[in-house]
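Look for chain A in each of the two complexes below; its partner is chain B in the first and chain C in the second.
Let's turn to the complex of A and B:
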């Protein structure tokens, strides 16, 4: 128990971050059936904007986070309008390839903005911790859990309870029918990109919390969301949350117990765990835990 | 929406993306994008009083003379740079390293150049992203046009081109301190390293700590990137431990954050380890996560801080870490070992740096590294020119026994020869201090260590730096 509980809590913290990132992928996929490979770049831009507002401009941290998310929402909406909208009706593969191009462009922009230094997001948690009885919990893990799952919950509520959310869900189910019902499908696409980018921006802030600061290369951490969306189901927000937590906890517990019980697997085996889960999922349940099984007539 | 309109829009979007991409990368890649107006690789066209030359040297003025200084009547020496300038793990340092090099050669050009030639290091600069394949490809691309490499960043990357350099008689200044670069069997006599090696760095640091640290060293450990410079750092720590009868707790392998996500695993392993001092062979953000993570975990467990201490080096440090939440932990637990004093040093070479760059210090210590690494290349060019032979073969022939004057930044030394005699075994020791421009306050300069001095340096400490 000495190792289990801290490992679980650490896993829930990092898993919430994975869940947030995975949901940002899923929202765009549900709206457009495109896996957006530009999410890592949007994430690191979120880190940058948070650092800009909180550290360089000295704004209160919560305001800085909200402004960074708003900035990312604008970036996401503009990207959709400029780069993705013209591809409506084209093969999904083409659109996915364009997102790779967008990733490269936005990464170069992020590299230029961040420059040769290291950015710190100015979070109030740092390496502080809380004591709950004999248990210690890092504040950064609490923040990741509360903010990550809170943001996902808020998006879920928005999609379920609001008229715009209903329109977005209708668009994701059948674009032509939604169009026939008067839904502005193009606007829904933009909104999906804006929400997704804002969530990626929040994830960027959460990646930057803790001790060390960030370099531009940290963008690639967002790719950890890919095993998560495969496990959860690429079109399921609930699946993304459950799978994010599962992957985070699996990773954290592997980190704790593998050196004790299977040291022959080598150092840093926890890094491999998400991809082992990914492969197992693809073999056993390729549409994921909560994904929609696709049946095709052959 | 008709199809032609859609395609026009698509083409427009792609065009806009291309323009944006080009604009964003313009500074680094301008030289790449530009057609390579090759300096003539023709056989010696000696002027009456000048040296003979072949590849990478032209009678015409430089395309992009360093410092923008073009001396009337001078020809041009083209030097290549293969570095990590955008997205690789060392880009934060390497961009500043390149600036140090530019200013160094700008100063040389400002002083009239080398034997009637200005120096151009920008036309053949390539970003190889710390990727050996990209490094080898870029080398092949620029090789027909350069006399030598003013920088080849990294050990695995430099090793990837070493056979080709050997065949082409191309010498290089390495951006790195792998111990193998000091030995003919590894470097083929082509790699002109400056300062100590990572291996000796660990020894000097631990020697200094033994004499000046807050307590005796009980057990030594190492943390780093395996197969990279972390291996050489760890090898030095292990050799130091063996020489001093101190237990070595082993090497804790980790990776950059973008590969492993976080340093949690390394922190866990450090906390489990018996070692009370660790030498680090990682990047700056990883350093902060490790030191900060250990401090936080120990504080949470009620363990007094200071039971685990850390030694780092140039590549593990970035001044921006003093703005990170780990700064208090770094101040208390981290000591930095550098091959030379940073920008604010007291030597004539440091004064020249400040004259070139200005009083406002550079963003990190890459600048002083980029500057200092160029002295052997300058010495080789001057020696070859003095011999009347600025061909590649002529340049290579002067390396063995080449005397290098670092203007006080490092002790003067000789390239080649017996590494056990010629290798530099001095360091500067620093401690984190937010008041200093580079985040480090120099505690001691020109530091030597008994173990490092006595070490029989007869082979590379590790198979790969």
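Let's turn to the complex of A and C:
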């Protein structure tokens, strides 16, 4: 029993990170019906900018994180304007392929910036932990949960309550009708990319902290978001959060219990768990837990 | 005044759909644009409102002006800002949004401080909508959805309102109601360009009417004269005599004789 609670908490921490990444995919998908495969590169750029502002320039950590997110928002908006806007009206498959190109370019940029070493993001929590009674909680898990879910909640509120958020949702429902109401649909696309990139940037910070440094290949953790978004239903923010937490917890508990009860499944079985959950769910609900049936998949 | 001069529109670079259409909507007027399916009515509205791009269409000749200023080079949001509102064919409400949210999208470009007053005005005009402001719009009846689409367009307080077949698919009583609303809106100072296949309804409130056939204006008269015109009575008002040949035959015969000579 004393394994369960720590396992759950670790799972919620990593799950919040997955949720954050998944939501960053969902925001662009909802605006443009394109799955943005450049997301991992945006995440790594987020780690880089956090390191730049916090460590190299020595700014206070919270300020560094905000600046990094702002920088990523600019990168996202510019990318949309330059690489994606010309493709409006083309099949979404072509657009998705272009995002793969954007991934390659941005990864090259990131590698150039980072160099061969590792990024030390400046680590306010490191491997510190809090003690609550007999329970120990990693600070990095607390940070991931609070900041990850907090950012997602803030974006959700913005979409739900603000005038621009309403226009973004209108655009995702029916672009032509939104245009006819005077909504600048192109601006909504840029804004979606900006928000999404800022969230990915925050994820980059959360991946980079609590681990003592980050290699460029850590970008691949962002791909964990793919089973999560398919599980959640690719057009649903709530779905992305629930699925992210589910996958995180399932992974963490597998890591705790599988070596004890099912060692014959081999080492690192937890890596497979998201896909097992995914396949089991899709057999019952082909559109994911919260998805809309007519969503087109790329 | 909204004026369309000698407009030519092509889809996909090759499909010529409007072949030199001219029409005018003077300030304060209700102007009817009539014509059968495929005549090009919706295309005229798309050209005015900057939505041709979305359909791979473009204006290849002619102009659209508002008070003499050309607007055909502007994008759709700028045209809304210039004072042209529209209710698209098929209503196109955001069915997942509430009534209130639909109206708020219509007020996207309005000054923030004015939104509450504008909402009040729309709810005064459409009490049915006021009762259901928190309902999901997709559950409204067809007539209510049409009112919502009109209310949404009016949130921008346009100078000219374009309506694309607002009576389509509605029961006669509901059509009456929509008709009366259009009259109210017009009395309050908005010019109206009313696209209809239901010529009866449109000509009963219009000052002037245009009849469009395969991309050309074939008749252009004060509404009172159109109501009396034999051809229009027969072919658009459904008052055809029994025993005439098929609609298509008679129409071609008449057209040849009266309109294309």
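Heads up, the rule we're going with is that the second predicted complex is superposed on the first by the 294 of 298 C-alpha atoms of A that agree within 3 Å, B and C clash if a C-alpha of one lies under 4 Å from a C-alpha of the other, contacts with A are read in each partner's own complex, and residues count from 1 in each chain.
What we mean here is this: a contact is a pair of C-beta atoms (placed from the backbone, for glycine too) under 8 Å apart; a residue touches a chain by one contact, two chains touch by 3 or more.
As the structure is a prediction and not an experimental result, all values here were calculated from the model.
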With everything superposed onto chain A, say whether chain B and chain C fit together or clash. fit
In the overlaid three-chain picture, which partner chain does A:271 touch, first (chain B) or second (chain C), both, or neither? first
With the two structures laid over each other on chain A, which partner does A:177 touch: chain B (first), chain C (second), both, or neither? second
Taking the superposition on A as described, I'd like to know which of chain B and chain C A:162 touches: first, second, both or neither. neither
Taking the superposition on A as described, I'd like to know which of chain B and chain C A:10 touches: first, second, both or neither. first
A:56 in the overlay: touching chain B, chain C, both, or neither? Say first, second, both or neither. neither
First (chain B), second (chain C), both or neither touched by A:256: first
After the superposition on chain A, what angle is formed at the C-alpha centre of chain A by the C-alpha centres of chain B and chain C, rounded to the nearest 10 degrees? 140
After fitting on chain A: smallest Cα gap, chain B-chain C, Å: 6
For chain A, which residues belong to both interfaces, chain B and chain C? 89
Under the definition above, what is the set of chain C residues touching chain A in their complex? 49-51, 54, 56, 75-77, 80-81, 86, 88, 92, 94, 96-97, 101, 104-106, 108-109, 112, 152-153, 156
Spell out the residues on chain A that touch chain B in their complex, using ranges where they run on. 10, 14, 55, 82-83, 86-87, 89, 101-102, 104-105, 107-109, 111-112, 115-120, 123, 125-129, 131, 136, 138, 210-221, 224, 251-252, 255-256, 259, 267-268, 270-271
Contacting residues of chain A [partner chain C, same complex]: 89, 163, 166-167, 169-170, 173-184
Contacts from chain B onto chain A in the complex sit at residues 6, 9-10, 13-14, 16-17, 20-21, 24-25, 86-89, 91-96, 226, 252-265, 268-269, 272, 283-289, 291-293, 295-296, 299-301, 318, 320-321, 323-326, 329, 363-364, 366
